[in-house]
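Chain lettering (A, B, C and D) follows the sequence in which the chains are written, and residue indices restart at 1 in each chain.
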Amino acid sequence: MDRELDAAGSGIFEPGETIGMPIGKVGVWWFLASEIMVFGGLIGTFILFRIAHGGWADEAAHVNWRLGATNTFVLLTSSCTMIMALSAARTGRRERTAHFLLATVLLGLTFLGIKGIEYTREISEGFTPASGMFWSFYFLLTGLHGIHVIAGIIINATLYVAAIRGTLWSGHHEERLEFAGLYWHFVDVVWIFLFPLLYLS
Amino acid sequence: MTTADNHDREYIMIWVWLVALLVTGTLIFMLPISKTAAIALIFGIAAVKAILVLRDYMHLKSERMLVYAIAAVPLVLAIGFALVLIPDIIFRR
Amino acid sequence: MLTGLLPANASTFGGDIDHVFWLIFWIVGFWFVLAEGVLAYSLVRYRKGSSKRAAYLRGDSVRQLAWVLVPAAIILCLDLGIDRAGASAWDRIKGGIPPAATTVRITAKQFNWNFTYPGPDGKFGTADDVTVENDLHVPAGKVVRFELRSEDVIHSFFVPEFRLKQDVVPGRTIAGWFQADKPGTYEIACSELCGFGHYSMHGNVVVQSAKDYEAWSHDSWTPKTASNKSNADSD
Amino acid sequence: MTPGRPRLRRTNPTPTATETGIQMNIAIAPHHQAETSFIRRYIFSTDHKVIGKQYMLLSLTMAIIGGFTAYLIRWQLAWPETDIPGWGAIGPDNYNAIITMHGTVMVFFVAMPFLLGAFGNYLIPLMIGARDMAFPRLNMMSFWTIFVAAAVLTVSMFVPGGPAAAGWTAYTPLSDNPIYTGVTWGQNLWLLALALEFASFLMGGINFLTTTLNMRAPGMTLWRLPLFVWLEVTAAVVFLLSVGPLVAGALMLLADRTLGTGFFRPDRGGDPLLWEHLFWFFGHPEVYVVALPGFGIMLEVLPVFARKPIFGYRTMVWSTVAAGALSFVVWAHHMFVSGMDPRLATPFSVTTILISVPFAILVFCMIATVWGGSISFTTPMLFALGGLASFIVGGVTGIFLGSATTDIFLHGTYFVVAHFHYTLFPVTFFGGFAGLYYWYPKMFGRMMNETLGKIHFWLTFVFFNAVFIPLFAVGLRGNPRRIYEMSSYNFLAPVQHLHVIATIATIGLLVGQFAVVVNFAWSMARGKKAAANPWHAATLEWATDSPPPHENFEHVPVVYRDAYEYSVPGEANDWIAQTEPAIGHLSHVAAD
């Protein structure tokens, strides 16, 4: 802060970057802060209920941890492709950027596909949100996370289009890739915790 | 920018680490050890994974104090909130 | 005249609550009068034209800030005093339950109160339990333990004269206590919105002398369950 | 910029700064050109000034619903089950729906859009010398989201089953299972409206924070920000960090009502107290989200009309931050008798009462700011002072409710009602009207009528106190809130006449508001043209025309001074604009 005060005090700024950070990054981080509170409140409640209700071991036995693990792998990989896309974009390797973005989008869709398979299985076995507290939490947590994945896919897809068109590089806009990446990685981090919470305990 | 490729290698190494941790985590889950120990290990590993993503993929290692503050405050609040709820939800009357 | 602000107290711990109330009342009353007084004075004294030019007080020197920080420090101390007084009273009232002469199970439901007594055998869950509606009979000068349950939504068991209030939460059994000073009938209000009948969820605490209570329990606890209700209502 | 001041004054101290100034014009001007088509300009505008006005229009429109529901409630309480003029008799279930709508509308669709949406959007960029918000499109989206939210809530009042009737706190399981209230779609739409409202203010909050951090004009350091900006930003942070758990809770409640889950249903292992925790973890900070901007407005008005600098600027900033931080650790004081673990009561009691310290500092600093000034009682000043004087009542009565012991008796009575109306009304309406009368010239380029304004103030001030002072007495007699009519309780017979007084005063209060409606409309057409800086105020929004041009400033201003340089000894004027070069810089000017 002091550093910033000095800079400001002498009246020298980068346009729109009073604190030497792009506005997009500041905005996204504030957004993530609010997201942490949403997921934090939900996950915290889930943990407390789970302890209070003695573990729900037998309900949890019905979720398919293999598919869960696969999905974790998919999402981790998509995070990697996302960051690769960014570093490619920064060094102006446009085709590479587009390819990695496409990979990220496809991996995101794969995640949703697998999640869909899981849902259909569980529901066909008669496990719905209404069949017990564990399942209520399971569907709410994965559902909310799934919505975030869908949003991320849409964002990345638009960036992919921009990358093919080349408009991504007009006026330092490739930085948008970093902001979208921050969100995407956050969604990944949430899943990193949801996976053991829902599948491995 | 010539360092770009090294960056890429870095990122891929992180990914290898993440996958390795994922596998170990899943293996521990199948090991015949005490449940509490397993859970502790599994969540320890999850935390490491999260830190890797945050540090390298979300560039926290090169970020300003401000970003740490923005991310840390809600984390502390959420955890504190859950802790205050313990007596009412776990030890409910 | 001020004492008329609160309803007459009729329970043993009501006095503690009133004491804390008046403690806070005088403390904040003083600061209220002081703040509003200074504000009013400065508005009159420093209205435009009363003095040539406004004073240039930035209040960034400690000497000037003292005018704000010293009062704030005093307020902090008074706060802690209030906390102390409040905490001890709270622990006595809600902290624990003293050994009780009578135990009543209070069941709230949309939109009335049911009071279940253990009956002659003094044990709950036996055939001779007695349930009466809306009128809670208790002996004066004895500690009464109550266990609150709700059949539907959140209600709140409120007896103004006893300074007694406790929410009734479905899925929980919340125990509490009170000790009524003197015989009389005191009203029970529901003070948590519980549906369209909330306003009429009314009951009475009938505090009786030991003898009367004995008599009441004798003729309403004798196993003729059919007429319990009528007995209860006839009081 | 300010007419009649030599351009020399505005040139920057150092070449670098000059460059940046120019860079800013280039960097931001093409960002969005002056928009031409009517729709782009007034409906789907990305201009923070238009959006601010849209928020103001929305909040004042919703205030009509809020005021009318207040009238229905008060009439019913004074003369139960009589035909209410202009409506007819209301039954107990309508009554519950009406109080629910009153609370929801007033807190979420009047106070927040008025204080944050309207004033925050309009003023933050102007006060920090920016051309617009950091994310103009996001800003537009945030308005249209709350517009939809307001529409959804309004629609919910007419769906079969009636509107939500579980109170604005929507305690479960009353709000959870339709069998308890008979309300089906009303409650779902209520939840949807709230979810949208939260989304809208998340976008808005992110915008406020990023803008204030990143878009400040050269020289506008954090310590030179007007306090209004500081308090708006603190409010934005508090909202951003407190709303999350309630969003989670709202999703759970919606799932309970639609998907058959049982998060809050005891018969399914759910826990009603969880909802209370989730709600109040947001619900208490929410009070500060509303209160701080209201204070911010008063803090802008007081020094201008006392012609004095703010007393203890940094002290106030730190107290504000402290109050914001404390607001996260006090929520359970709404739950002392809720059946939560009694051991939690004392810690929360301590933190709650502790909040009196930062607020006492704020109030004392405000009083010290008028002390020794040369006070002119214009309408904005009257409203600011009236708000301050009334808020003190709300503050001190909070101690009674903060102490767990006295709260046993006072919880859920009219004492609480009177208390929070004494905190929220002063900030929302006294503060809000102070801001309206003060910035109207800037917003619409015309002055409002002073006489009508003063009439409006006195009607509001007198009748407001006449409504809620009796309700303190009513509460102390143990009168529970949300009671449709008192006749079933004998112990309430003695206070009925106080309810009548409060009701008559409410009608006076509502009628008094026509003064501002007339004034607003009349001044728009007939009010006398406003100069760029009619009040001789020092902050940046007055350094540009009234109303400001499309991108606010002809040139991005350079800031040399604190925001409140009034009656500086040895200066000819009794005010110095923030854009005025300080003595040190004059040499540069000479050098140019």
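Everything below uses one rule, namely that a residue touches a chain if its C-beta (ideal position, glycine included) is under 8 Å from a C-beta of that chain, and two chains touch if they have at least 3 such contacts.
Values in this document were obtained by computation on a predicted structure and should not be read as measured data.
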Common touching chains of subunit D and subunit A: B
Best-connected chain pair, where connection means C-beta pairs in contact: C-D
Approximate Å spacing (C-alpha centroids) for the pair subunit B, subunit D: 38
Computed distance of Cα centres, subunit C from subunit A, in Å: 49
Centre-of-Cα separation between subunit B and subunit A, whole angstrom: 14
Contacts with two or more other chains, residues of subunit A listed in rising order: 1, 19, 21, 26, 30, 33-34, 36-37, 40-41, 45, 49
Contacts with 2+ other chains: residues of subunit C: 172, 174
Multi-chain contact sites of subunit D, meaning residues that touch two or more partners: 213, 241, 244-245, 270-271, 273-274, 281, 339
Complex contacts: residues of subunit A adjacent to subunit B: 1, 19-21, 25-26, 29-30, 32-34, 36-37, 40-41, 44-45, 47-49, 51-52, 65, 69, 72-73, 76-77, 79-80, 82-84, 87-88, 90-91, 93, 178, 181-182, 185-186, 188-189, 192-193, 195-196, 200-201
Interface residues, subunit D side, partner subunit B - complex: 213, 241, 244-245, 271, 273-274, 277, 281, 328-329, 332, 339-341, 343-344
Residues of subunit D that touch subunit A when the two form their complex: 12-14, 16-17, 20, 23-24, 27-28, 134-135, 138, 202, 205-207, 209-210, 213-216, 218-223, 240-249, 251-252, 255, 259-263, 268-271, 274, 278, 281, 558-559
Residues of subunit D touching subunit C in the complex: 91-93, 96, 165-167, 171-174, 180-182, 266-267, 270-273, 306-315, 337-339, 342, 345-346, 349-350, 353-354, 356-357, 360-361, 363-365, 367-368, 370-377, 385, 388-389, 392-393, 396-397, 399-400, 403-406, 408-409, 411-413, 473, 476-478, 480-486, 488-491, 566-569, 574
Residues on subunit C engaged by subunit D in the complex (per definition of touch): 5-7, 16-17, 20-21, 24-25, 27-29, 31-32, 35-36, 38-39, 42-43, 46-60, 64-65, 67-69, 71-72, 75-76, 79-80, 82-83, 85-87, 89-91, 93-95, 110, 152-154, 156, 158, 160-161, 163-172, 174, 187, 189-200, 202
